[in-house]
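Each of the next two complexes has subunit A plus one more chain, namely subunit B in the first and subunit C in the second.
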Partner chain A sequence: MPSVAPMFRPQSTVMLSRVAHSLYWMSRYIERAENIARLLEVNLQFLLDFQGIDDDSVKDHWGSIIASSGGGELFAQHYDVADSRSATSFLAFDLRNPSSILSCVYAARENARMVRDQISLEMWETINELYLFLKARNAAVVWAAGANEFFERIKQHSHLFQGLTDSTFSRSEGWEFIQFGKFLERADKTTRILDVKYHILLPNADDVGGALDTAQWQAVLRSASALEAYRRFYVREILSWKAAEFLIFSDTFPRSLHYCVAQVNDLLRRILGETGARPRSEAARISRRLFADLESRSIPDVLKQGLHEFLMEVQNALDRIGDEVVQTTMFYPVDTASDDHQQLQQQQQQQQ
Partner chain B sequence: MLLRVVHRTTFVYSGPVRDSFNEVRLRPVDDDRQRCNRFDLRVTPLRAEPRDYEDYYGNRVYYFDVPESHEELVIETDSEVQTLANLDRPSIPLIPTGPNAKPPALELHAEYLAESHYVPLAFELWREVQDVFAATPRSDLWSDAVALGNHVYKTFAYRPNTTGVNTIATDALKQRMGVCQDFAHVMLGLCRQAGIAARYVSGYFFNDLRRPDEIEASHAWVEVLIPEFGWVGYDPTHARIADERYVKIAAGRDYSDIRPISGTYRGAPTRDLRVEVSVREITPATS
Partner chain C sequence: MVGSAGKTPAKLRAFVPSLPVSILSSTYEAGDFFDEMVGDDGQVRPHYRRLTERLATLPEAEFAQRRAAVDLAFLSRGVTFTVYGDNEGTERIFPFDLIPRIIPNSEWKGIEAGLAQRITALNLFLHDIYHEQKILADKVVPASLVLGAKNFRREFMNFNVPKGIYVHICGTDLIRDRDGRYLVLEDNLRCPSGASYMIENRAAMRRAFPNLFQSYRVRQVEGYADALLKSLLYLAPSRRDSHPNVVLLTPGVYNSAYFEHCFLARQMGIPIVEGRDLFVRDNRVYMRTTAGPVQVDVIYRRIDDDFLDPSVFRPDSMLGVPGLVNAYREGRVALANAIGTGVADDKVIYAYVPKIIKYYLDQEPMLPNVNTYLASEASDRKFILENISKLVVKSANEAGGYGMLIGPSATKDECDKFRAMVAANPRNFIAQDPISLSRSPTWCEGQLEGRHIDLRPYILYGEKIVVTPGGLTRVALRKGSLVVNSSQGGGSKDTWVLQGNE
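Up next is the complex of A and B:
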């Protein structure tokens, strides 16, 4: 006889879509801010080392960094020359740039504020602290005091935030959205870090493998905190194609495209409830295709296609995955122009 | 018996619709009389996997929404169910209900004795109960329920298209005709007026005597509570116990608790609703 004992129902794991939206963007913006901070810090150091060298590729270094960040047009609207001061100003402090460090931290904090009841007190305090710190300072003061300390603080707060999330956020649907945002953003930033090298004027044939080329690739690896890990992977000198291979295909380095997309793919399965062998949603379809590419292709392949073209392809795929997930799980586009708002009942069928 | 059930419902709208939110109760149950080996739910168009929850009655409800504009919605299920063989089913105990019998305690099942939307506790139903037991005095719980079910079978005509999905038991009673949904509602009305806790069951049955042109559709019958034994199904449309040919999906007070598909949407009205059901036996040679 079926039991009629009262059943303990586990707490509902259903989440509001606007909460998912805020957690996702909070995570993305923090990751973005950290990546830009590291990118700027490494490249400022790089250019200090090469100060005085009259080489086109060095002079154009800042232009290439701004171009790969996707802010080329916006930068040109507000600044005349791409040098260390204007680039730092644009990429770190300019609120007119929606992807500047300041804009990112402000946006992360705003999203965190909207879901304050979902995140731990420590997580909130960390973001808020960073926000207040940035708000109180202006660019000139920081620049004078030493940009390095500034970037260190951004990175440290980001790491602290991630560590707190790891130890104080319950492993629920919200956790999945946070991780999804983080790895999606990280993959995107890695493509841009690699793309910096493309935008630099192609060196002369003699320069390939030379000191400048090597130093530039070293800067690329450092921008992803990958130099030491790369050296364990390939002990000899820094070869451009080996560095690119590492940052694209390594399945163990946590900032490589392969690793990040593997996480995104896995998280999507859980977020979208995709348990079948074949993907049902557009986001899962694109993600699995991208992951399959990263699993099976090789660096000669990529170089034949063109590193820049390959990176653009990856960026597009990542953009579409993000858009699709937002539209499927958070906010779908509403056709407000339509004038029939009447809600109707689905027709019922009589049981015969 | 090993059965395969395919159930496809197609909604064709007369124009574009959007914001469609739906719940379906279509998954065969797992209980001591059947086990659902496989259940596939396919909805077109759909961007994300349907999710599910268990409702108050223990029915598994799948829900999904189609926010984008569409003109057709197809909901298809494909299940494989193993039903307990007839000879393995335990025999139903005798619970005396004659003049000196003690009435069973049914407080935990009050909802199955109370009025509900499709089954009002009307005087006409009580009257009918008295007539039945005047002819066949009460003896035991199960036999009483069977007597009531048989009464419906004998005095009602099975006529499709004379009632609708919204017809309640008292209206069907007036007409004395309808389909299984109505037969079940009337039997429920009689049982409840007789103090027998009973519930509405939706599902399918394997019609081994089916003519090729006979319509197959989702079926409804009644389950009666035998205290300390459990719920036993009786089909008033065919005057028989719900045996190994019956696949149970959901149970509730009446049709409104087990709606196979229910939902809302915004936009044009439905132009066409097509339902196709097929129930086949899987024999070792033909799976």
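Up next is the complex of A and C:
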């Protein structure tokens, strides 16, 4: 059979606003799902390690994780008690929680479906398979089978997806939106991981530096997959302020705030065409100020301000950066009031 | 291969395989139909020999395994369609049968020529009825049928479409009668779909049966996307020195064929857009992009005429682009297929196509129609009403197998209902003698059985006419069923048009 020379097609170099929007959110939701999976897994393990922990501490622990995820009010509406089971149910499976693992994967997959023509087949298959897997499970079954396998699956698919994106997605504008969403989300999640410690009742003076305290900080580092990296950096013991310093200021660890914001800053230059010395857009302004802070401040500084206050400031800045970029580049008219009607019309189109 | 002995009764012919443990059972019945694999003499047709030899050595368990692998691949690739009326999980895989349908070159040549002839005539017809209307003046087709057709677009009289072409993409459904003659069942000139499944099915067959595929010299279908893009580029209005910008306009993710829209857009390397991604300014169409507006030259639209432009057609359309029709009129954007083609795939106009071919080309149609009765003609109407339980009755403008009565298998109530509808609105109905569609061996729960099939080749009309060799063979999976549409229990097969005759 004679082979047919493929016709060179000028690849479309334009990016629809709606497409940018979907790529950005697809990326954010996957990063979010993976972070929650890791957070849950680590903390379930942590509690297992600490046998004999009394009920109040457990409740505090889960309560603090839920609070730092921003889901405190919603959780209180639907659940009575914060324990391993209810926390896992809320953070992993509850579709009423827009940031549960399930909600995130469903949303990521829906966004991916809307831009199917942009992503590679392997990327699509990966996220579709994860979606199909989750759809077929329910919380009770997973719990019985051993939650670890479940979290492993989420993490693996997320890593696979990111790896595939890295190796099959052209370094075009779409790539920039994907990376932007990922690093913005990651920075946000790192602030929340750090913030977990705040929500746990301040330990008694005797407990600071004690076994429980150390173990909790270890769990914080593990939640950011940072324990080994931390140990290579600080050879000695885990100290709370060192762990915070590492996760905030390290310029080499890929989950630290400094690293993530450096990426965000760089991507903004490309997405918004911000190449000049002075920022022109609001997003760039906020981003550069945030980065400057992370470059120049130090941990004693942050602790003096208050770790929690500092983290809230960072979260707000990240939120505003995201909003501004969405407004500027990804804006397209969405008539949400008549979604059902639109859906019906779409279905009605005869495809002969 | 030895067929049954001469004494076998005419209606039941058995095919005896060489090994008993394969998926070919000893009782493959061709029945009283044209069978694709087995001739009237009980012998396997030459172009199916290699296939049957291979199947005879394939244990059922292995076949089942390959089948499962194909299904899984389809599911994870998302080769799906959506069924109306489902609540959640609306996507389904289009059931795929691993036994290919094989067509020798000698047969295909005739089909290809017939299809090219037909689309040429239909394009001439469309041009005529939207301009001088000579065919109506010469009373070859009744004027009222055309002018009163649901999809005749009065607003586009005397409008000059790009390159004079109305139908750029056509899907014509073919069936075979008891003698194996190919007949045209209907043309689809608005938004024909299924080309993506044709390509995906081919990929699946290659993975499932690589050696068998190679032993036959099967003509390629993968060139479809290139050919399609070429024919779309051909329509671009000339504009400065930039590359023409071609886009695919989809209704959106909830449309049944959304998978196909994405697939084709990706294969062609063009953007896929929804109505809300576009806007019109100064009668030019633009896309909303992250870098600002970008002009669009050609739109491959998979949206009905009615929904294209709320300022001209249905005002409640949420899928279209206000001002699009004006841009089209000004010649600033091309649409494929053009607005107004629906009048020519109206099932009543279908009955006149042989006359249409004769009128414009002075040729006999190479591919005959199925014999059709028109309810709008008094004598035909009488016949239809009196014999409705023996006929297949179709509404002029429905798609997907809806709005159809299969008399011989319908209940008395259903027949009565249709009789009333036909009497009330005769212009809207046609009837045909039921054709015993050809059958093809299909894997049915562990063994090969004959199932009714049709064929939908895809014809592209651009600078050249390109008929993709093969197309989508649709199969009615339920035993005895004649309905092949995906929305009503149909599946598909890969279609192998051979370079040679076996």
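Observations on the structure shown:
FYI, the second predicted complex is superposed on the first by the 314 of 352 C-alpha atoms of A that agree within 3 Å, B and C clash if a C-alpha of one lies under 4 Å from a C-alpha of the other, contacts with A are read in each partner's own complex, and residues count from 1 in each chain.
Keep this in mind: a residue touches a chain if its C-beta (ideal position, glycine included) is under 8 Å from a C-beta of that chain, and two chains touch if they have at least 3 such contacts.
All of these numbers come straight from a predicted model, not from anything done at the bench.
By the touch criterion stated above, A:T329 is placed in contact with subunit B and with subunit C alike.
Touched residues of subunit A were counted for both subunit B and subunit C, and C has more of them.
Once the two complexes are laid over each other on the shared chain, residue contacts for A:V81 go to neither subunit B nor subunit C. Touch criterion met: A:E274 reaches subunit B, while subunit C stays clear of it. After overlaying the two complexes on the shared chain, residue contacts for A:Q352 are found with subunit B and with subunit C alike. Of the two partner chains placed by superposition, only subunit B is touched by A:E282; subunit C is not. With both structures placed on the common chain, the touch criterion links A:A136 to neither subunit B nor subunit C. When the two complexes are overlaid on their common chain A, residue A:N128 makes contact with subunit C while staying clear of subunit B. Shared-chain residue A:A144: touches no atom of subunit B or subunit C. In the superposition on chain A, A:M114 makes contact with subunit C only, while subunit B stays out of contact range.
Where the contact sets of subunit A with subunit B and with subunit C meet, they give residues 1, 4, 329, 332, 334-335, 338, 341-343, 345-347, 349-352.
Partner subunit B is touched in their complex by these residues of subunit A: 1-2, 4, 272-276, 280-282, 328-329, 332, 334-335, 338, 340-352.
Against subunit A, in their complex, subunit C makes its touches with residues 75-78, 82, 84, 89, 171, 188, 190-193, 217, 220, 222-223, 226, 229-230, 243, 245, 251-257, 259-260, 262-263, 265-266, 268-274, 276-277, 287-291, 294, 302-304, 307, 317-319, 345, 399-400, 499.
Note for the complex: subunit A touches subunit C at residues 1, 4, 6-7, 9-12, 14-20, 110, 113-114, 116-117, 121, 124-125, 128-129, 132, 135, 173, 271, 329-335, 338, 341-343, 345-347, 349-352.
For subunit B in complex with subunit A, the residues that touch the partner chain are 9, 11, 17-20, 22, 31-32, 46-49, 51, 67-69, 108, 160, 163-166, 179-181, 184, 202, 215, 217-220, 228-231, 255, 259-270, 273, 275.
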